[in-house]
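In what follows, subunit A forms one complex with subunit B and a second complex with subunit C.
Here is the complex of A and B:
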C-alpha cells in the first residue's frame, strides 16, 4: 500500500482525473454517489425482472404491518408496499433519464447556437422563447402541459422537457459566449473550420463539466416533479410511482396506516438527498477554479 | 454539506413525529347545549353540496335533502318504519285510485301556507292550492327550465308531453293534470303507473308558488320559497341555514303511526316527542363537509356538527366488531348511533354496444364476448372488495334487485357473486380465448385516489384470469361530469357506478336495463333484450303483487344470465349523533324528511 498525496498530480494528469481525485476526497459526495448507485442498481433489477415484479398483485391482507412476507407491510388493497416502492424506483429513473437526456440535449444545442451567434436574430429569438417559458410559474406550466396532453403516454415527460431545457440553454449560452473569445476558437477559425465543426468539436466539449452538473440537477428535479404530478393525478397512470403512493397515503394516514407514506417518502427523500450530496460534490470537483487552486 | 445533514435530521424527526399517531377516541369534546338563548339549533352534516334548491333540479341526494325541508310534497315516508312506507304529507290522505288504475284523485290539506315573500299580496305567504301542484309538475316539462325530474312523468300523464311540445304555456290546461277545486287534484294517466305516488314523494315534485318563481326567475334555485317546515335563511358554499316555519301546519307526531319500535328506537328519546307538532328546532344548519377528516374533527369537537356518518378511515376507531356490528364503548358512551343498509347499490357494468365486450351480430363472436364478460364477473371477488373498501359492512347480493326493496329474493342463487377463477379460465378456454388475443380492457373512471384503488383491485382480479397488465388500461376523467358524459355518449366499455333508489320499488333499478331507456337515458348498459323489455312493459302497469314480483325476478335473472353487470353490493352506513339530539337519521329514501322530527336538549 502506497500513500499518495492527492495534492501532487502527475504532470500528464487530465482535468478529469484531477476532478475525480478531488471528488474522492469528498466523503459526503461519495456517500451521495453510493446512494445514487444503489438506487440505480435497484432500478436495473426491476428492469431485468429480478425484483419488484409483484407490485400490482393484490391480496386479502389489507394494511398489514411489516412482516417476513411483506417487508414494508401492505396497502389498503393488500398490495406489497415494498414491491411497489421498488418498482416505483424504476419509474422514477425512467422518467429522470428520459427527461434529463432530452432536456439536456435540447438545452445544449439551442444554448450553444444562441451563444455562438450572440447578437443575431437566432439568439434574440431563442432568448425570447426562453424568457416566455421561464416567466410562467414552473409547476403551473408543467401541470398545464401534462393536463392538456393527458391522452399522450409521454405527456408528463414532454411537459418537463419543455420547461427544463431553458436553464441548461442559458448556462451553455453564457459559457459558449466566453469560450468563443478564447484563442483555440480563434485558431480554429483561422484554420478555416466551419462554424458547425468549431461548435461541435471545440466549444461544446469544453462545456461538458457544466453539462454533467446540469444533468444531475435535472435528473433529481424530474423525479421530484414526477412525484408531484403523480400525486396530483396528472403523472403516471398505469404504473406506480412514489407520488401515487403518497397520494394513496392521504386516505391511509387518517385511518392510522403509514406504510405507503413512510416508504414512498423515505425512498424519495434518501434519493434526493443522495443526489444533492453527489451534485454538490460534483460541482466542487468540476469547478476549474478549485481545481487550479489544488494544482498550485 | 452541514446544512444538508441538519436538514436531513430535521425531516427525519418530523417523519418520526408524524408516525406517532394518537388514538382518535381520546379527543372527544363534551357536547355543549344546543339551546342558545332559548333558541334550539341543530347542526347536521352531509358530505356534498346541493347544486340547486329548485325542486325541478333536485337530482342529487344533497339537493333533495334540503328541498324536502323547504317545500312540501304530496306524500312522504313514515319516519321510523322500515321497510319504507308512504304516508300523506301535503295530501290529506292516500289517493283514491280508479279501478283501471288510471285516475288518481288527491285531496290536499287545507291548512298549508307558503313562506312569506314580497311577491305575495302584502308579502304574506298565501294558502297552497291544487293549482300550485299542477304548476309545479308542469315546470318539469318546460324546456326553458332544463329540469332533471321529468322522466318520472314522461309519457305517463295524459297531455303533459303534448303541452311541452305545444309551447309549454302555463295557462293552457293539461287534460291529465287538473285542479278540480282548490283542494282536489286529479291525475289522469295514459297507462297504469303504480309508482306515481312514489314520484309525488320525491323532491322533484316539491310544490312552488308561481308568482314567486315568476318574480325570481333563475334566482329561485338559491332563494327558494315553499311551504315546508323550514324556510331558507342563508345559503353559501359551506352551510345552509334554515329557520323554523312559524306557520307550518300543526300535525302532532304519532310515533306509533310512524313505525316506532321500542327495541329499535326506545333508547333514543323519541317517545318524548309523541303528540308534539314538528318542526321541533328553531334553526337548522346543514353543513356541507366532503372531507372526512374535517367532518370527523367537527363532529367530535362537541360544539359544532351534531351528526355524521362514519367515514371509511374512521371505522377502525368506531367499530369494535363488524359481525355483529358493535361500537367501541367510548363511542356509545358519547354518541347515539344507528346503522342500516343503503337503498341502492354499487356495481360494474358493461356497455353492450361495445363491439369488444358487448353484443356482436355474429353469433359465434357474441357467444365469445358473453363468455369473456361472464369470466370477468366470475373472477371478481366481492368479499375482497367489501373488506377493502366497505370495511366488510356491505351486503353482497346477486343481480340488480337490492335487499332494500320488498321484491328482493334472499334465496336467489349466489353463483353470479361467487368467485371461481378455475371455472372462469375454463369458460374462456372453452370459447377459444387465449391470453395473447384478449382485448384491451379499458377502465374508465372519474379520476381520484379511491377510484384508482378500485381499478387496481379489479386489475388484480383480471390478472388472476390471465389478463396481462399491458392490456388493462386506466382511463381517468377530470370530473364525474366528464365521466358521466362519456358513459352517456357510449364511449365507455366498462364502468363502475352506484345507484341510489328514488323509491323503494325494484322497478327503479330494472328500468336501468329497459331497452328504450338506452343512453343518454338511464340504461347506461345499452342493454337490448326484447324479452326483458316485454316483461318490463307488462309489469310496469301492475300494482304490487306476487305476480309482479315474479316478473321482476325473471327480469333480474335475464340480466344475470347475460352477464351485463357485475352486481352488487349495498353499503351499510353507520350514523352517529350527539346525545343531546333526539333523532333517527336517514339519508336514503326518507332522506331530509326526518329533519322536521329532530329535537335538541
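Here is the complex of A and C:
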C-alpha cells in the first residue's frame, strides 16, 4: 500500500472521487442507497407534517383489510396501519440518527485519544472501560439502564450509545496506532507541531473512511435493536415504532389478522437489507486494502 | 514465558474486569436504582418499620460497604428472595439454567456447523455463482429481525394458519412419571431451534467465509496444493486448524449473545421457563434482586470465559505467549 512512485499517487480529493466511481459500479450497492434515500424521504415527510400524522386516530373500523381509505388496513382499535408504519419510520430514523451520531463521536474521540497515548494510563483506563462494557450482555445492560433511570424516555438511547461506542473506539484506536508510526506524522512532529494538533489535523481525518463505514453499521444495528427493545417493553415510550407494532400484532395474529405484523416487518426488512447492501458496497469502495485487490 | 506464569498473569488481568462489571451492575441496579423502601411496605407504615426496611436494604450503609455486600452475594450465590415470587433467586436461576441450555444448544451447534459447510462451499468457489448466491442469501438472512423470524416460524410451523405441526407454546418435556422424554423435547425444541439456526446462519456464514478466504491466500496453503494434497485435507488440516483462534473467539463471544439475548426473546415468546423468561419477567416487574443477580452473574461468567479462552489460545498457537 505504500506508494513506490509518489508521482502516480492521486491527490487527496480524487481518492473520494475514485471511491464514488467504484461505488457507482456496484449495482446492488446503488439499489441499497436508493432504498435508504426513499426511507429517508418518507421520514422527512413525517417531520415536515406531509404524511403519517394520523397514526393515533381511532376509528370504528376494526381489523379491516386493505382498502382505498386504509391502504394497509386497520388494527384492532381501528387505527390506520399504513399511517402507523410511516410514522414509525420517522421514529426509527430518529433513534438511528441520535444513537449513530453520539456513539460515533464518543468512539472516535476516545478511540483516538487511547491510540495516540497508547500504553499510558489513559489508554489503560479506556481499554478497561471498553472491556467492562463489552462484558455485560447487551439486552441486560439496556434493561439495567432502563431500571436505573426509572423508565426515562431516553434510557434506551443512552444504553445503546454507552455500548456501541466501544466498537468504533477499538477500530479507531488500532488505526491511530498504525497511522502515528507513518512518515507524515513524523514530518509534522519535525516541523514542531503540537501533538494535539497532529492528532486532530492529521491523524483523525485519515480515519474518516473507517468512521463512515462504522456509522452505517451502527445505524442499522440501532434500528434493529430498537425494534427488539420496544417489543420487550424497554424501548420507545411515546409514539409508535415497528417494535411496538409487532408487539401489538402478537395478539392480532392469534385471531388471524396480519396487517400490523406484515407492515412492520416488511418495512423493517426492506430498510435493513437496503442498508446492508449499501454498507457492504461502501466497505468495498472505501477500504483501500480491498481497492488495491481489485486493481490487481 | 512459563505456562503457569502465563496462566497466572491472565487470571490477574481478569480481576480488574470482574471488579468493573460488578461495579457497573451494582451502580445501575442497586445504587442508582429506584428506592425500594415503599414497595416492600404496607400502607401507613410506622417510621420504625421504614427504618427497619431501609437498614435491611442497606440504604443506611456507605457506598463501598454496599458494593462489598453485593460482591459477597455474587460469591455466595445468594441474592435473597425475589420481590415477585416468594422464592430464593438462586433457586429460580438453578431451575431455569438447564432449560435454557437444552433449548439453545441444538440451534447454537447446528447454526455454526451449517454455516461452516456453506462457507467452505462459498470459499471454494470464490467469485463464482455458488459464492455469490450463498453470500446474497446470507445478507438477506441477516436482514430479517430475530423477532420477525420467531413470530413467523411460530405462525408457519405451530399455528392453524400454517402447518400446525408443533405445539405453540410451553415446555412439557417431562412425562407423567416425571421422566425426561426425548420425544416431547424434540417437539418443543424444533421450532425455536429452526429460528436460532435461521438467524445465526447469515452472520456465521459471512464470518467463516472471511476466515477461510484469508487462510486460502496464505503461502503454506498454496504450497500444500502444489504438493497435490486434496481440497478436503487442505481445508481441515491446514486451514481450519490455523483459523481456530478467530473461530473460538467468535464462538465464545456469541455465547452470552445467544444464550441471554436469544433466550430472552425465544423464551418469552414461546413461554419456556428458562433464564430468558426469568429475566423477561424481572424486567417487566422491576424485580431488582433477580435482575442484579442475572446481570452480575452473566458479566462475571463472560469475563471468566474470556480469560479461559486466552489461556486456551496459547495451546492452539504457542506464538501468543511471545507477545
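Just so it is clear, the second predicted complex is superposed on the first by the 275 of 296 C-alpha atoms of A that agree within 3 Å, B and C clash if a C-alpha of one lies under 4 Å from a C-alpha of the other, contacts with A are read in each partner's own complex, and residues count from 1 in each chain.
Heads up, the rule we're going with is that a residue touches a chain if its C-beta (ideal position, glycine included) is under 8 Å from a C-beta of that chain, and two chains touch if they have at least 3 such contacts.
Because the structure is predicted, anything quoted here is derived from the model rather than measured.
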Could you say whether A:58 touches subunit B, subunit C, both of them, or neither, answering first, second, both or neither?
first
Using the touch definition from the top, say if A:232 reaches subunit B (first), subunit C (second), both or neither.
second
Under the stated touch criterion, which partner chain does A:269 make contact with: subunit B (first), subunit C (second), both, or neither?
both
Is A:256 contacted by the first partner subunit B, the second partner subunit C, both or neither?
both
A:78 in the overlay: touching subunit B, subunit C, both, or neither? Say first, second, both or neither.
first
Who does A:280 touch here: subunit B (first), subunit C (second), both, or neither?
both
Subunit A residues touched by each partner, larger count belonging to subunit B or subunit C:
C
Could you say whether A:131 touches subunit B, subunit C, both of them, or neither, answering first, second, both or neither?
second
Which partner does A:184 contact after superposing on A: first (subunit B), second (subunit C), both, neither?
neither
Name the contact category of A:144: first (subunit B only), second (subunit C only), both, or neither.
second
Which residues would you name on subunit A as touching subunit B in one complex and subunit C in the other?
147, 233, 250, 253-254, 256, 261, 265, 269, 273, 276-277, 280
In their shared complex, at which residues does subunit C touch subunit A?
16-17, 20-21, 23-25, 27-29, 32-34, 139-140, 142-148, 151-152, 155, 159, 161, 256-257, 260-261, 264-265, 268-269, 279-280, 283-284, 286, 288, 291, 294-295, 298-299, 302-303, 306
Counting only contacts in the complex, subunit A reaches subunit B at residues 28, 56-58, 60, 62, 76-79, 147, 233, 237-238, 244, 247-248, 250-256, 258, 261-262, 265-266, 269, 273, 276-277, 280
Contact set on subunit A toward subunit C in their complex
128-129, 131-133, 135-141, 143-150, 224, 227-228, 231-234, 243, 246, 249-250, 253-254, 256, 261, 265, 268-269, 272-273, 276-277, 280
Considering only the defined contacts, which subunit B positions touch subunit A in the complex?
1, 4-5, 8, 11, 15, 18-19, 21, 24, 292-293, 311-317, 384, 387-389, 447-450, 452-453, 456-457, 459-461, 463, 469, 472-474, 476, 478
